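Two complexes are shown next, each including chain A; its partner changes from chain B in the first to chain C in the second.
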Partner chain A sequence: MTANPGELEAVGDAVGQSVSAEVTGRSPTRIAFDRLRKDKVAVGCATIMLVMVVLAALAPVIAGALDIYYDIKDPAAPSPSEVLEFDGYPAIGPPLHPFTWEHPLGLAPKTGVDNLAYLLYGLRTSLIVALAATIFSTVIGLVIGLVAGFSRGWVDTVLSFIIDLFLSFPFLLGMLALAPILISNAGNDLDKLARAQFIALISILVIFGWMGLARLIRGQVLSLREREFIQAAEVIGVPTRRILFKELLPNMVAPIVVAISLALPGFVAAEALLSFLGLGLTGTPSLGKMLADAAPYYKDYALYLWMPVATIATLTLALNLLGDSIRDAFDPKTRR
Partner chain B sequence: MTPVISGSTNHGKGGPVMRFKKPIVAFSTAGLLALAACGGGDGGGDSGNSDQSIDKETLGNTGDGKDAEAQGPVEIEGAQEGGTVTVLTALGLTTPIDPSDLYYTDTNAVMTGLVTRQLTQYVYDEESGQMVLVPDLATDLAQPNEDFTEWTFEIRDGVKWETGDPITPEEVAFGMCRSMDNKTFPNGPGIYFSNPYFLGGEDYKGPYTEKDPNCEKQEAISFDDTSVTVKMSKPFVDFDYYASFPSMGPIPLGDASDPAEYARRPMASGPYKIKSYSVAKSLVLERNDQWDPATDAGRTAYPDGYEFKAGQAPDQMDQILLADSGAGQTTIGMDDVDAKNYREFQNEHSDRLVLGGQPCTFFYALDYRRITDRAIREALLWAIPYEDQVLSSGLIPDVNAIPATGLMPPGVPGREEYNPVPEHEPFATDAEKAKQILADSGNEGYEIKFLFRTDLDTDVAGKDVLVKALEAAGFKATPIPTTVANYSADRGDPKGEANIRSYGWCSDWPSGSTWMPPIFQSTDIDEIGFGTNESAFNEPEVDQKINEVYELPAEEQPAAWQALEEEIMTEYLPVIPRYYGGVAAAHGSKVNGHEIDNTLGMPTFKQIWLSQE
Partner chain C sequence: MLGYIVRRLLSAGLVVTLTSMIVFALFFLGPDNPAQPLCDINGKCTPERLALLTEQLGLNDTVYHQYWIWLQGLFVGREISFGPIYQCSAPCLGISYSTRNEVTAELLDKFPATLSLAIGGSLIYLLVGVFLGTMAARVRGTLADRGLVTMSLIVSSIPYYVLAILAWIYLSLEWQIFPDTTYHPLTDGIGAWAYGLLLPWLVLGLAQSTAYARYTRGQMVETLGEDYIRTATAKGVAKRKVIFQHALRAAIVPVITIFGLDFAFLLAGTVVTEEIFDIDGIGQWGIRALRAPVDFPVVAATVLIGAVIIVIANIIVDILYSFIDPRVRVS
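Here is the complex of A and B:
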């Protein structure tokens, strides 16, 4: 990358001071990671994320070790009449009985499902959905952005129009309309239904989630393709594919990483929102669904509501702050 | 004969119980949770943790309650006039209020209690907590001929419409004639009672469909200056009960009762008239000054008016009633209180919690064509997780889900408590026993298929519970997904895959004749489908016996129905009774006289009054 003269001067100052100490070649990515490592917020958030990922990954192990179940279908899970009182409140643990290690976070009313187990599996679902949606939407956004930006003329016009079309389409309305259609195609097969819901949810998130990145990339490509190194490559006859992926793409690592790290929490929240509205997952544990189930109990069993709220809040906050830090780290204009 | 919309594992209570097999698609998830409960402590076994508990012996009992001598005016000691009662409901008031088209419990309670008058009516008897059948527009409970094929009602003098015009026997006769038009009034009870029983009713299509505005082509109903006579094509022993239905009341002649118009604003003959009405939203009633209490043996009219608000969020309704401030003090909840709020109502506001019965049974109908081995049916009886399903659907054992023994609920005359399989106690689930029976009969791994609604949370939970229990008992469980919108059609499809179906049924009036024939009489499956016989039960011998009971003298019929039920259930076990219905409603602190009309499971609107400051 070339820098403008003003920046060059500033960098020159900094270089001038440190030259005497040690001169080592460092890639922009390396610099960014070094900056990240010094950022306390980033380190804290990354740790939280790591813990959450580990918890989610180990959900079956933890649930097995504590002998708790997220699914009332499980043959070993206690039946509702064994663990619930006559009005559906848990007969063990909060809110009516003292804390017990048997069920550290208590039981869900009406079904008697263990809250900790459900929370762990719900976290798992959230992370898988968010990750899958992020990966797919990034790939789609990247390809469309690259193609639109690099190919002048009608291709760019059409692609830009499609991007604008999807951007202007009301996101929530689209989801409300699409979710039942996708799900209704599942027919009578229950496993297929659960799978269909899962795929439908991810698809919807992707369908409405790729445009931001596509636009960003298109803009970057538009400015980059006028640079000398791209023109040189074109002149010496480098194939377009190679220019796109070998010349342009490496120059856009920073905006891509930033977009990904900011998209993740968005997808976590979107999954929770859709499941809360009953449009997302029904057969799979989900934080949003737990939130919907718990909402009516806010008065008598606040803990039940706070658990999914706290989990979603922690997850999205940590991811957002981490995303912010990553953006700062990758942005050469940031000075700390 | 009243089917109830019900879930595959839980039922659609909380709102009006549907008196007809038409589905209400708009059951919100939340609405289904609007259920209440009471009863036992841990495990829910014992009830009676308060002095208020449902009298399980007489739940819905109206059998011995008839008083042909009752006279108006009715006065309640200490009752005060004035005020407007607010009535909240989540699911109510969505169904027709045209008297000829009215067959749902909520609209029935509101219209017959406050707006329209019929030949007979029920009043609440404080002492027994039961409903008693008394005359309304008729001067007594009618005089049937010896074999119950001709009923004559003397019509009371001096009863007026809200317009001030007198109500004539001709208008009563027209109302009855109108009920035979089941094409114009497809929701009404006429198709079940008017057409089959009235002389020539099978052929007569009603005044609108036949283009016979004065009902001259029918032969069943005749009238003179003071009375109306109905001739039956077959004995109709319980016609005095049917005479309490809105469709058995007067309807103005001619254009005044044009079906499209009249459906929006039926003319009032009772103490209140309709000020405004918006389907599924609101109904406002104001005083009808033409109503004369001296002519009415059942109704009082202390409040100045009523305001019904439908489509309420169940939890919000409970919070309004719990808070009991402002308008909440003069509010009645028409639906059950939410299970999760039940304890608070019971502990802190027990004076405002009203428990009562509902003559309904919820059961699994086992497809008789498919599950042919009785051993499998008996194994199912042991395998069904009764209590787990009740809890997961948000009902409370012993309050609005009372463990069922036989099919007919308590209160049906002649009913006696018995267990279809003697050693099986109600609500008992024993997977080992079921497994044993399956193994002994060589049916291990028998596949049970049942419907559940994917878009109804309680149904999904109920499905999980049932699958688990069936598998624990050695069955193979195959849930078949459907949606709330398609549920009723899928369940009623004889070619559908399910081999057990969840069903609910309520008495229209206390008689075994509203239970045995509709549930067990064989139907032509190919031609008309299940009808109301959802187990497709078909035994010519039983059909024969049902007809024989009809031939018996009226006083021998109750015991005969009970004997027949025991015989069918012990020998064939075509249905598995799960629980009987119940009601737990609440009201504000200024509301008095709110009890449960256990023929409908609805508030006793006829006797409500508000304390004035």
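Here is the complex of A and C:
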């Protein structure tokens, strides 16, 4: 890409707050977005993600139209004895019978749940959990990072210690230890259980997911707060909250967007891992649980195994590659 | 130097103490009685049995008191009456609810498997990662370089456990390339030990090496642009020597830092690897203990040992730093 002089200058100024007037007024975010649109990988990944989001959002519609169910307890769902043979393998569809439109991706052995319906609802769970965890951990990381970086003295010391404490916590063991405790204590009321489990799971992901951004933001604030425009704001008596959110925050759009885009696939993977290990949600379909259920059938029913594998891999791959492209797009040092 | 180490050890001790407190609080402040699921295992749970179990586990005391007792056991040992009476000596981590053995003994029993896995895996990913990264930087911009970067991006984008489970299913079960993936202690001979761990090592090592390859490549590319590298080349030093002796030494310092910071990830990697390849180590033990009914003494022990390993690794890396990088003087 041949960089025009205006763009180079704008990129060079990206760290400072204002883009000088004679440049044709393109904000750093705008430049990054334009670069992103020219990036084939980014466009491809974004398209894949869009399709996945639409599929997940339309899960009830699709399942209703095809008359398939993810939950065997659904009164309209066929009972396992109707659709399974005596050995537990499905009586229609793969792996032993030809393809049927009644169950496009076949049925799960033993339970007789429709795979397509389960996959769609699992995708829905993944995306909702990951999105919620990303939003909350970003907000927490942002606020703690801003406060720690901006306040000198003991507040910074305490907050930095807390960040380090969480970072040196063996996060997987911690997450695993917390999950059953929070989830099993979520209550015994079946209606409330599913929602309480959701909240518990998201809290766990947030508890172990906010530190990276907090540390990053703290570092950024440490260098930004000595800059002239912040000193000027302090001198003319701008309130601290306004300095934090109106002066400092807009300068950190790039690291925040990058952190968000790389946090999403991490949370997708973590949610699936927890349910894969049998420590995640119990009442809700999950891709990780499907993976764990399907692994023993690798020989006779490879399709069953490869569905969750392909879905998890596609989801995380698309999100990660998109995140990587976003990082490149925001990085003024990247040459294309 | 000594003062620095003492200060680091103090803060590490604080981190470990807080970690154990958090685990305790979470477990015992929950609404359910932890004795309930234990009571339910062996058939009918009578109120008397529940009361006895609650008493035996010391659950009638306040959380602070229970924590204090647990802490005491860790340093001076304690006596536990849980069915028979156990004389649990100095580093006492309690009695496992499910196996009714001393947790410390079980921990020591399972530690070698985890240690073997972690050392082998991290050696592979450090060596392979640094080597590939150096090579890629050397041929920067070529097809080989771009291929390597793309490959590493793809491999590190897919969750590790998905790769591990596919490797286990296809390489071990289906195609029988690595038919034996069980842990043999070193006393069975070094051959059996290495043979059994080969696939877990490779999977853990190669999957993690991608990040190190990319990181090393970035550092190397930067270092190779430095003036002193040009000087060395101009003096006629052989290219291999320039890369491996002059450039790598400077480029590797940040890689070592990342290695230290990534210790939590290595630990997480071994937990997942143990669970998938069915290796009887601390990770699998910890996960099993977490499934209902929760075996709390084991959970506390695994989290504690995990935290201790991570803080010690961080300290060691900081000290190592001053040896690798002569510019750094810890103070």
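Throughout what follows, the second predicted complex is superposed on the first by the 312 of 336 C-alpha atoms of A that agree within 3 Å, B and C clash if a C-alpha of one lies under 4 Å from a C-alpha of the other, contacts with A are read in each partner's own complex, and residues count from 1 in each chain.
Here is the rule we go by: a residue touches a chain if its C-beta (ideal position, glycine included) is under 8 Å from a C-beta of that chain, and two chains touch if they have at least 3 such contacts.
Keep in mind it's a predicted model, so treat the numbers as computed, not measured.
A.B. asks: Quick one: is A:Ala269 in contact with chain B, with chain C, with both, or with neither? Answer first, second, both or neither.
C.D. replies: In the superposed model, A:Ala269 contacts chain C only, not chain B.
A.B. asks: Touching A:Asp324 in the superposition: chain B (first), chain C (second), both, neither?
C.D. replies: In the superposed model, A:Asp324 contacts chain C only, not chain B.
A.B. asks: Quick one: classify A:Val309 as touching chain B (first), chain C (second), both or neither.
C.D. replies: Touch status of A:Val309: second partner only.
A.B. asks: Could you tell me if A:Gly278 is touching chain B, chain C, both of them or neither one (first, second, both, neither)?
C.D. replies: both
A.B. asks: Would you sort A:Thr111 into first (chain B), second (chain C), both or neither based on which partner it touches?
C.D. replies: Touch status of A:Thr111: first partner only.
A.B. asks: Please indicate which partner A:Leu216 is in contact with in the superposed arrangement: first for chain B, second for chain C, both, or neither.
C.D. replies: After superposing on A, A:Leu216 lies clear of both chain B and chain C.
A.B. asks: So, A:Ser79: does it touch chain B (first), chain C (second), both, or neither?
C.D. replies: After superposition on chain A, A:Ser79 lies in contact with chain B alone.
A.B. asks: Scan A:Val258 for contacts with chain B and chain C and give back first, second, both or neither.
C.D. replies: neither
A.B. asks: Return the residues of chain A at which the contacts from chain B and from chain C coincide.
C.D. replies: Touching chain B and chain C on chain A: residues 278.
A.B. asks: Residue numbers of chain B touching chain A in their complex, please.
C.D. replies: 29-30, 33, 37-44, 315, 338-340, 342-344, 385, 387-388, 391-392, 394, 396-398, 454-455, 457, 460-461, 464-465, 467-469, 471-472, 479-481
A.B. asks: Give every residue of chain C touching chain A within the complex, in rising order.
C.D. replies: 11, 15, 18-19, 22-23, 26-27, 30-32, 153-154, 156-159, 161-162, 165-166, 169-170, 173-174, 261, 264, 267-268, 271-272, 275, 286-287, 290-292, 294, 299, 302-303, 306-307, 309-311, 314
A.B. asks: Taking the touch rule as given, give the residues of chain A at its contact with chain B in the complex, in rising order.
C.D. replies: 71-75, 77, 79-82, 84-89, 91, 109-112, 183, 186, 188, 190, 193, 278, 282-283, 293, 296-297, 300
A.B. asks: Which positions of chain A touch chain C when the two form their complex?
C.D. replies: Residue list for chain A touching chain C: 161, 164-165, 167-174, 176-182, 184-185, 265, 269, 272-273, 276-279, 291, 295, 298-299, 305, 309, 312-313, 316-317, 320-321, 324.
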